[in-house]
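Should a chain be cited, it is by its letter among A, B, C and D, assigned in written order, with residues numbered from 1 in that chain.
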Amino acid sequence: MTHHFGPHFLQIPGPSAIPDRVLRAISMPIIDHRGPEFAELAQTVLGGIRRIFGTEHPVLIFPGSGTGAWESAVVNTLSEGDRVLMVETGHFASQWRRLTEKWGVVTDFIPGDWRNWADPEAIHEKLTADTHHQIKAVMVVHNETSTGVASPIKAIREAIDDASHPALLMVDAISSLGSLPYEHDAWRVDVAVTCSQKGLMLPPGLAFVALSSRAIEQSKSGGMRRSYWDWSEMIEFNRTGFFPYTPATNLLYGLRESIAMIEEEGMTNVFARHDRLAAATRAAVQAWGLEVLCANEQAHSSVLTAVMMPDGHDADALRHYVLENFNLALGQGLSHLKGKIFRIGHLGQCNELVLLATLSGIEMGLSGLGIPHQRGGVHAAMDILKRRA
Amino acid sequence: MTHHFGPHFLQIPGPSAIPDRVLRAISMPIIDHRGPEFAELAQTVLGGIRRIFGTEHPVLIFPGSGTGAWESAVVNTLSEGDRVLMVETGHFASQWRRLTEKWGVVTDFIPGDWRNWADPEAIHEKLTADTHHQIKAVMVVHNETSTGVASPIKAIREAIDDASHPALLMVDAISSLGSLPYEHDAWRVDVAVTCSQKGLMLPPGLAFVALSSRAIEQSKSGGMRRSYWDWSEMIEFNRTGFFPYTPATNLLYGLRESIAMIEEEGMTNVFARHDRLAAATRAAVQAWGLEVLCANEQAHSSVLTAVMMPDGHDADALRHYVLENFNLALGQGLSHLKGKIFRIGHLGQCNELVLLATLSGIEMGLSGLGIPHQRGGVHAAMDILKRRA
Amino acid sequence: MTHHFGPHFLQIPGPSAIPDRVLRAISMPIIDHRGPEFAELAQTVLGGIRRIFGTEHPVLIFPGSGTGAWESAVVNTLSEGDRVLMVETGHFASQWRRLTEKWGVVTDFIPGDWRNWADPEAIHEKLTADTHHQIKAVMVVHNETSTGVASPIKAIREAIDDASHPALLMVDAISSLGSLPYEHDAWRVDVAVTCSQKGLMLPPGLAFVALSSRAIEQSKSGGMRRSYWDWSEMIEFNRTGFFPYTPATNLLYGLRESIAMIEEEGMTNVFARHDRLAAATRAAVQAWGLEVLCANEQAHSSVLTAVMMPDGHDADALRHYVLENFNLALGQGLSHLKGKIFRIGHLGQCNELVLLATLSGIEMGLSGLGIPHQRGGVHAAMDILKRRA
Amino acid sequence: MTHHFGPHFLQIPGPSAIPDRVLRAISMPIIDHRGPEFAELAQTVLGGIRRIFGTEHPVLIFPGSGTGAWESAVVNTLSEGDRVLMVETGHFASQWRRLTEKWGVVTDFIPGDWRNWADPEAIHEKLTADTHHQIKAVMVVHNETSTGVASPIKAIREAIDDASHPALLMVDAISSLGSLPYEHDAWRVDVAVTCSQKGLMLPPGLAFVALSSRAIEQSKSGGMRRSYWDWSEMIEFNRTGFFPYTPATNLLYGLRESIAMIEEEGMTNVFARHDRLAAATRAAVQAWGLEVLCANEQAHSSVLTAVMMPDGHDADALRHYVLENFNLALGQGLSHLKGKIFRIGHLGQCNELVLLATLSGIEMGLSGLGIPHQRGGVHAAMDILKRRA
């Protein structure tokens, strides 16, 4: 029954489909990472990625995945026994917490139902209660890739300020950077992490960490035993366009290209495009009579949409069906959501027709498997998307 | 208003979108076309293309476009003053006729309204009337790329046989080969031509001519002054895997890959896929309340569908609109059909979701420009496409 | 014994090795050749190629090989029975003559020993003797790819002028353009032809014809039956950035890139580089005690060097040996030079180290096969090449 | 003075030049790392890399650089305060020691002059003296990339056995794997690390760790706080072809291709090729009258050759000169060898002509800068390389 012919629609919330320009860029012959041409490349991408983060502070680029960036944030700023405040927005917040605890840090985890954002008020309350300032950092996921819920980082910054609490603000911007507005300096985030394979439209293999002066200061005296993910040598080497160990040069070629593409389109336009595609997706889900996982109207992610399956129907059967029949890959439900939701990625280079193809595949899948729904999802999405013309 | 972000949907009836595997193949470093490695490549593609044509006779591959293949068919078999029978199926039949006349050949052109196929009975009648066998060749376009009408080559072969007429059968298989069933030897076609950028899913730049023993025989004594498009040296050189002048090596790399892809999918499956996509397209057009140009139910092309615009509406305005707004390229109306029709290509590597994306773009365009239509085209297409699962 | 591991050294005088930038460019997805993006591409390459030719007149780009460009020159300007003056510089001059005669043109072929250039004085003599101006064209190969001899086009122009003869000047610039200085307008050449796979560093598949006002004028009234290679429609369509039939779009992407590369390096620098590499090659040949085929010191080609084998030794055995053992492809002797010479291409993207690798391979081959020679060729070449630093 | 035209010769001892086939492979569109097609890819490369290591135990593949693989070896097997035995073979042995100490491990560092291998007898002596078995691991660099000295891992294994010492044997195979014979299981190595950009001919970005049963056992109870570089989850996930966090999919495409290339050539042939190229390089150095850094005839590396500059001459000036003038990148001297040596990489896809081009560039550089030497290095290398034919 499988065919898999023709273009593959990779509509998972990352890795996102990689633009042809980027794929060609990463396939250029490699150069000496200790030579002058490399230094030029490095300066270009280090400067560019700072613009994407909205920061004038260092952004570090490690060969690695986003999980490594999480580790880097933790081991450079925290010490064993330190206490941090985290919020259970979903699977990835839980994973970051798990990683943090592996390093001996005590986490205060504000519970959540995986359908809502990190609530600034709850954070404010916790911090206000922490009169001895034992909480060293507030660690929040900006866009929960497992649920399609985006948290209000700016408001969380304000909550910390209102509480006059000295905790660092550390943000997982893994699936938000390049897709949702993110203002590192303006929001005074101390550490933000991301990776290459989401809004930056690259293959996986690069981990990014954006810093603040406070974070750098803290890393000098504090942090844990570390080597690979250490900031100090990276900052030092980067000054002249080099790296303390071999960088992933070909991915940096790709990064140069993807930053150029984002800036050619214009970041405001990029964000507006994501918003439009997300609105169309939600309209489709509503038309089908299905439910979006995110239960907070203000918190809908423009990066992905998680859709709840009707009771008694398996999301993974649907995912399998559309992959086999329509060459369409959707994201699975993670952890306790496995089988209960599927996730539609509409990030990166996604455009109107790619989204409509995706929604068509889903609508045919719902029909083909006899999953209760109403027709009209694609229509509803078209109604949103045609308006902009 | 233009954005052109994300994947481009090139849904013209050729050049068709090129598979990633083929694009990577053509970008490999070039080799000496007089060396042993080349000979191996040549034997592989010359053997493969014969399988695609369904022939054991030589198939010649020239650097050039399909127009050159037309010329090659004419100058190797006909002489100035010769008479041939052609059928006005549309723009490309007319262009082929024009080219043929440039070479001093007299054409008997059975008139047509560009909405129907080449009628075997009309051909039979003409041949029967030609008692002195002045007609040297019957020249027919298998799939009229300008109209989306496919002609019945097998029946035309039978009409010639029934008339006991010695005319050669020459077929333009430019947009049919690799997309519609075509049986060179079984149908006893004498000369068939095609090019790289349609069902073979390659960039333009290769012209193909498939021969029969009779055609080869005739070319030895007859034909006109010629050099580039001459068959004799090509046949001679090809025997050992070489070419009389520099071949387009990198495109041959691509050809090796595209033949492999077609045979991996299976030619029967390839044709069935084209049929299914075409049926879905026609269902969409009907649902919109628009009219397909092809007026003969038996003659609908599975390669492309030409759609008539409601009176007073310009097809090119629609084409411009969907290109600007949705990064979708549709085919224009050619010659007197300019502005009156648009053409949807659904050939090559097209699959279900690519087609639904295309139809979505058209439906949004019809709506965005206020062109009278009913909604539901995409739905209707989904109803066809979901069935196969 | 074969290994063929690692980089292949393709040092034939065309196709020349293709730069990575060009290979990546031709592998980008294809676009509609009737759309606005294509028109922009076409205008860019049509403008660029005029700069490379040094002309403000049209340069036409056909899908095809250089052989087609030859044909285009002939059929647009000459008629059956016309007389032309050609010079036997080598295999390709002979082939061009053969093609010209196939078209019914009478050729006056000044004989040559394949070791010298087209002599302006001999041409002057022939033209002066042609008091009735029966000679319609002087047709000369600029750089004889089969022998490594370059002819003095400027002096030939002057010879024609001195004879006050109205013959058109038609030049085969196939292996010279982009590698040797060529000034179409300044030298008042009427028709010049080239192809993609030599100095333009592209895959084969594009044929170019540069024109003059006189040539265009002549083509309007004269010439032979023709269609594919006709100039008039091409000129007409090109005005708006389009083509009368499907162009080889992906190769045009490559052309855009290769023109950019040539202009980034600077044409003067490109020519100087070719001169330097050629001088080093000749120094190597001399050091080996072998003889360069070109017997005229002023006529050495900077594109390739043809080397004569000592009597009793087979050049093709050497070529086979270095291909099998060192992954090095050299050009063979053509026609009666088969086995007697081998040709070293040093054109296109060739640089110092590529050349020295090539010469090393040859020196090891000479030694490995026991061909009489003195050591030191590579040394001699290094002595030339190191000086520029 | 800079030109940088034509092919770049990247002859540093890693990243090594990447084969065209690998570059094309890594540029294919990405797929879902949680889907069935990925699982197939993963099983293929996990199986293949075990064959390259010569092991039936797990080999783990992390997104990261070789430095990360070092860390992974340390944090999974050792605990703070543990004692290990290391040998000062050069810069990278020193760096690995530095990293190990950052993790609180006490290192016993057998001093060396950076011109010799890790001496099995010295190791035996140390272990024999360690009667209380405080040494938990012997950590050795197989091929010292900074010096061009290879150490005898098999003999070191025997030294440990002879001492009846339970220390783990941990080997840095970073620049040896795929270039020098390495037999993980046969030599009973416990942990070996490598990365993608040396003998595996890939871009940097993958870190590999090969294990033994003992190492795995030890990691279960011991090791330090860790997350990213932890073995247990990786082993667990890999069983079904998946990874605990996002793998560097496109590099895995490349790995599949490079393993195929190595196995097509045959590992024995690969090693023999490296040996031959290295012998030729040493012959060239000797002919120049320069000195190879490696002072132990049995320890010459076949991966790279480090060359000592005559007193008073700066190696980096030479490196700069050949890069500017001949587009040739050589490796620099590291740490206290900076300016005193240059390193010639002859690994990966290097072949005879690439090496001779490299040696020619060096010989011209020596001459151009007036560095005292005798001519004839290239000649001497040719004498070695031509023999195999």
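Rule of thumb we're sticking to: contacts are C-beta pairs under 8 Å (C-beta built on N, C-alpha and C of every residue); 3 or more make two chains touch, one makes a residue touch a chain.
Listed by chain with UniProt protein names: A, B, C, D = Serine--glyoxylate aminotransferase.
Since the structure is predicted, the reported quantities are computational estimates derived from the model, not experimental observations.
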{"item": "Copy pair subunit C, subunit D: interface residue numbering same or different (half cut)", "value": "same"}
{"item": "Between A-D and A-B, the pair with more C-beta contacts", "value": "A-D"}
{"item": "Subunit B and subunit D, separation of their C-alpha mean positions in angstrom", "value": "54"}
{"item": "Gap in Å, rounded to a whole number, between the CA centres of subunit B and subunit A", "value": "45"}
{"item": "Centroid spacing, where centroids are CA-atom means, of subunit A and subunit D in whole angstrom", "value": "34"}
{"item": "Multi-partner residues of subunit D (each touching 2 or more other chains)", "value": "17, 24, 27-29"}
{"item": "Footprint of subunit A on subunit C - complex, ascending", "value": "20-21, 24, 27-29"}
{"item": "Residues of subunit B defined as touching subunit C within the complex", "value": "8, 10, 12, 14-15, 17-18, 23-24, 26-36, 62-68, 71, 80, 99, 102-104, 195, 197, 203-205, 224-229, 244-251, 323, 329, 332"}
{"item": "Of subunit A, residues touching subunit B in the complex", "value": "1, 3, 5-7, 9, 17, 19, 265, 269, 273, 321, 325-328, 349-354, 356-358, 360-361, 363-364, 367-368, 375-376, 378-379, 382, 385-386, 388-389"}
